[in-house]
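What follows is one structure encoded as structure tokens, with my remarks underneath.
Order of writing sets the labels: A, B, C and D. Residues in every chain begin at 1.
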């Protein structure tokens, strides 16, 4: 099987790539000023207790030694160290928070696709129609609005003024008992649990952040769809299909299929960006996602969460790129050949 | 000059003008009054240099002039119907069904993501309203008819997996599957190697004859028309300057431009010296309203610069647009 | 005649990404070009003729074989860019527009090769003017940009840039095939005149047989990376012996409906892929004269007199000399002259 | 020769220098070219008035930044505890924030920081990224050390692509301290891969162009080929990217400040202003956050429009379409 051989080949590269990323991020993050020992014990700690803690955490070793230990723990035990802020293993923290982020950005990008692709196709199909005009403005505007600001405005409108949605504080109302964690995505877990009230509460909390991300990411998806569709409809083979008298609907369908690789690419790029980039929206909605966790880590010289997050994000990105390649594989026979 | 179409005329073009606007300068007049009649079952070769308007004519017949170009005046009648009066829907029914196009460089013009079998079948499916299975069977038969070896396997092939000659045959299958009455070949074999080209040309000629279709064979290669066409028309700067039966044309080419083309082909320095002006002496005579070829013509007189020549017949079936046709 | 360029057993294989097989673009090609001589490499697309030219120009590295230029071996270290060879080998491309930098004035483009030869600026200016005059460009053109010139003029610029270093050899890669008939014949005439003046050797790469016939002294016919037949232009066009050469020549459609083609030697099917070529003769699958030994081994070159080399087991049986009808170019010329030389005012 | 002026062999009249591409006639032509470009720009603006809006926005924002001290009614960093959270009024056009600073004045001052960071960051990344990209692209297919180098650069860019860039930027600022320079450095660093890839793919296609090969065969040094032929012919998409990228960098700067890893509090900056008004919005005081956001959005919108117009201006296909729409307009007018 060609596909399997291809996946195998990709897997071979993933190891070195992850190592490279961990290496770079480790030495970089270690440069962040601030002594974790001082931060943990407070300004009143004595020099000896500080030194003790440093030895305990391995900070007295040379950087390459520290890196070696870090990698050894990661490979042998899947251990990414502990966060001094939460005093819990980073792996556990991330398994809790990463699904929150992923649920948010997956739904956000789905909404973006639902907005961007139909508008893009419509705008390319009827170049001078009202849809094209609207798409033009929408694309420019979505690229210009800061997502965190849009989130705030939505909160002001739908929570403060209209009161249609729950308070922007986390993923569930405080009185709702969270369903047992299976996937970490609350919508799915609550359904699996049959917990309807948790489901509606989770959905209500998701509404505004997902709309925020969807409206913003709809812009680039729309632009990419429109420009690729334009190109495809102007392409030699679309013109040829026109000469053969095929119905316009067939021509557009074929053009859309030929445009899919670019749409998939832009979605994957957005996904990769949002794993960290959604942190702004997470902060606005007090989401408690992985991005927030990492940013807290950076700002407080809490190194392990940052490294762990980078590692998780890299693994996810690499998985996404693999999926993208598989989609290309399915769509385009030339890649297969 | 509107001639009454003979009963057997399938395509009748009268006074067709097409132009493309150009930013900040005068529009390019791609076609300037084309008159052309094609009779049923006839194969007419249209020869011209690049930029002479050949492809524009093909697209005009299909009613698919690419924006921002447009038809300024003139009419195109196909089987008695004025094509410009038809709705987009009616035109779609004609394209690919009654009038089909054979294109060059098929490997970039076939959809890369669809198997060639499906691309052939699609045309039959939508024009003949066939169910998928029957359309597929028909496409398979067509692949066989264009002499593609192992049609079963090729049916599932993608365009990039085919050689140039194979892809050209696929395009012919697409053009012929609905048994069109009129086929336009736009420089169709120009991308092929010569040893393959003759095979493809012969096949195309056979199939077109079998179906009794007419053909407009557009080409840059005047050599092809000598062997595969009934009539030859020479187009220069958007005008047909000479039109005749093949034998009559090659025995007695009358327009200085036709003679120049033939002498260029011969590479005979003496003949070329006789019939072409060196590049530095070529002048732009377009503005004067005279003959468009006057600036490059070795026979040009004052009349040529002032007066635009009309198409006239010196002998039956042989028209020439020239004040001083070559006489032998 | 002194040999300027000699190519021995040239091989070029291109690796295919993600595969162990290679594209066998050039397989064992040998030829030489002398001073003041034009050798035409003729073949269809994929025959490897352009690749041969690129190997000589150092644009790609050959896989095997030897290229000798004026007694110096050309290889990776010692190529057309090396100081002692610089400007001695020049080239003219097929696409005149693409061979000129659209953002640079014609005069600067023509003079650029002198830059690396270290000639003084004033000197360069003088030479640029001189070259422009030689190729028939007006001085005004030197201040223009490529887009402002016609295709024929652009090609003249390409030629001026090539001859300004007074090269020993010019590789002409299909210099006329993108031009219209009239511009084409003018460029050909220019090339012939310049060769007479400068005594340069031309390696003329082309698929256009009628141009080749007119322009070249010797012809090498290439098929799938091999020279299947080479000899004087006269021999190849009027007494071709290799079935491929005959098929190629008889495929050309000349503008005279009365000239019948030789369909008995027409080649079947299409050119096989240059990946995993067979052991025997590459033409075996298409040749009407094929026999058992053809698919077993590659025929060696057979010299049939005055440097006319043929790679074919059956070349003696292929064509009936008595008929002598093969050179239908000759007949076309004769008829064309009869017809077209009358009637001028 | 028809020309009487240039060919004089006596040398008394100065020869026009062809190789330098200058001289009176060359200058004349150059002016013509500029004039015709300007005319085209005006025609495009007439056909797409929205582009004109873009230019107006960009110009206004820049003027705002320059003349802020003259226009602003209040000093931008002075808190007035008595006047905190005032809603918009004639006294405070856009209201005041929680510390009592005048929002209108702060919005006027903000582009000084935001634009400086965005423009400097984009410019640095464009220059550095393009140069590296051009070198990598030019030597891509050459064996030996250069090929190893380009492989290394591209793998590094790949690794960078799998990085969560935003968190990475925050980390960079954290490492180098919250100064203007380190924010610029972070923005530049984030944008470098964009230009690197863009330029590399361009150069790789230009590298195969015939005119580059002709130069190569003639023995012209690589450095000259890259600077004279390759880069000038590859710049168009980079230029089209610039303006859009400045807008994006403004957003990124604001985002950094919003999470607290960018410009520090009293300094007027749109992102940090939105952040400081964040808590008030839930209680209904919308103006401290909403107005800076609008200013930010309009600015980015303006740069995006200018970017889009550059793309249109550089595209020859649009030039043809332009001719078509002008004909239609003439028909309508007649």
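Note that contacts are C-beta pairs under 8 Å (C-beta built on N, C-alpha and C of every residue); 3 or more make two chains touch, one makes a residue touch a chain.
This structure is a prediction, so every number in the text was calculated from the model and none was measured.
Q: What is the shortest path, in steps, from chain A to chain C when you may only step between chains that touch?
A: The fewest steps needed to get from chain A to chain C is 2.
Q: For the pairs C-D and A-B, output the one whose chains share more C-beta pairs in contact.
A: Between A-B and C-D, contacts are more numerous in C-D.
Q: Which chain is in the middle, if each chain's centre is the mean of its C-alpha atoms?
A: Taking the mean of C-alpha atoms per chain, the most central one is D.
Q: Measure off the straight-line distance from the CA centroid of chain C to the CA centroid of chain D, and report it in whole Å.
A: Using C-alpha averages as centres, the distance is 48 Å.
Q: Quick one: chain A and chain B, Cα centre-to-centre, how many Å?
A: Computed value for the inter-centroid distance: 55 Å.
Q: Taking each chain's centre as the mean position of its Cα atoms, how many Å separate chain B from chain C?
A: Chain B and chain C have C-alpha centres separated by 31 Å.
Q: Which whole number of Å gives the spacing of the CA centres of chain A and chain D?
A: Chain centres of chain A and chain D, defined by C-alpha means, are spaced 26 Å apart.
Q: Two or more other chains touching the same residue: where does that happen in chain C?
A: Correct list: 138.
Q: Among all the chains shown, which pairs meet the touch rule set out at the top?
A: A-B, A-D, B-C, B-D, C-D
Q: Touching chain C in the complex: which residues of chain B?
A: Within the complex, chain B contacts chain C at residues 49-50, 163-166, 193-199, 221-227, 246-247, 250-251, 253, 259-272, 274-276, 278-280, 296, 298-299, 324, 326-328.
Q: Would you tell me which residues of chain A are touching chain B in their complex?
A: Touching chain B: residues 236-237, 239-248, 250, 254, 257-258, 331-334, 337 of chain A.
Q: With touch defined as at the start, can you tell me which chain A residues reach chain D in the complex?
A: Residues of chain A touching chain D: 17, 20-21, 24-25, 28-29, 31-33, 136, 140-141, 143-146, 148-150, 152-153, 155-156, 159-161, 167-168, 272-273, 275-277, 279-280, 283-284, 291, 294-295, 298-299, 306, 309-310, 313-314, 317-318, 321.
Q: Can you tell me which positions in chain C touch chain D when the two form their complex?
A: Those in contact with chain D are residues 57-59, 80-81, 86-87, 89-91, 93, 95, 98-105, 107-109, 111-113, 115-117, 121-122, 124-125, 128-129, 133, 138-140, 142-143, 158, 161, 165.
Q: Could you list, by residue number, the parts of chain B that touch chain A in their complex?
A: Where chain B meets chain A, its residues are 62, 64, 66, 91-97, 100-101, 103, 105, 108-114, 122-123, 126-127, 158, 160-161, 174.
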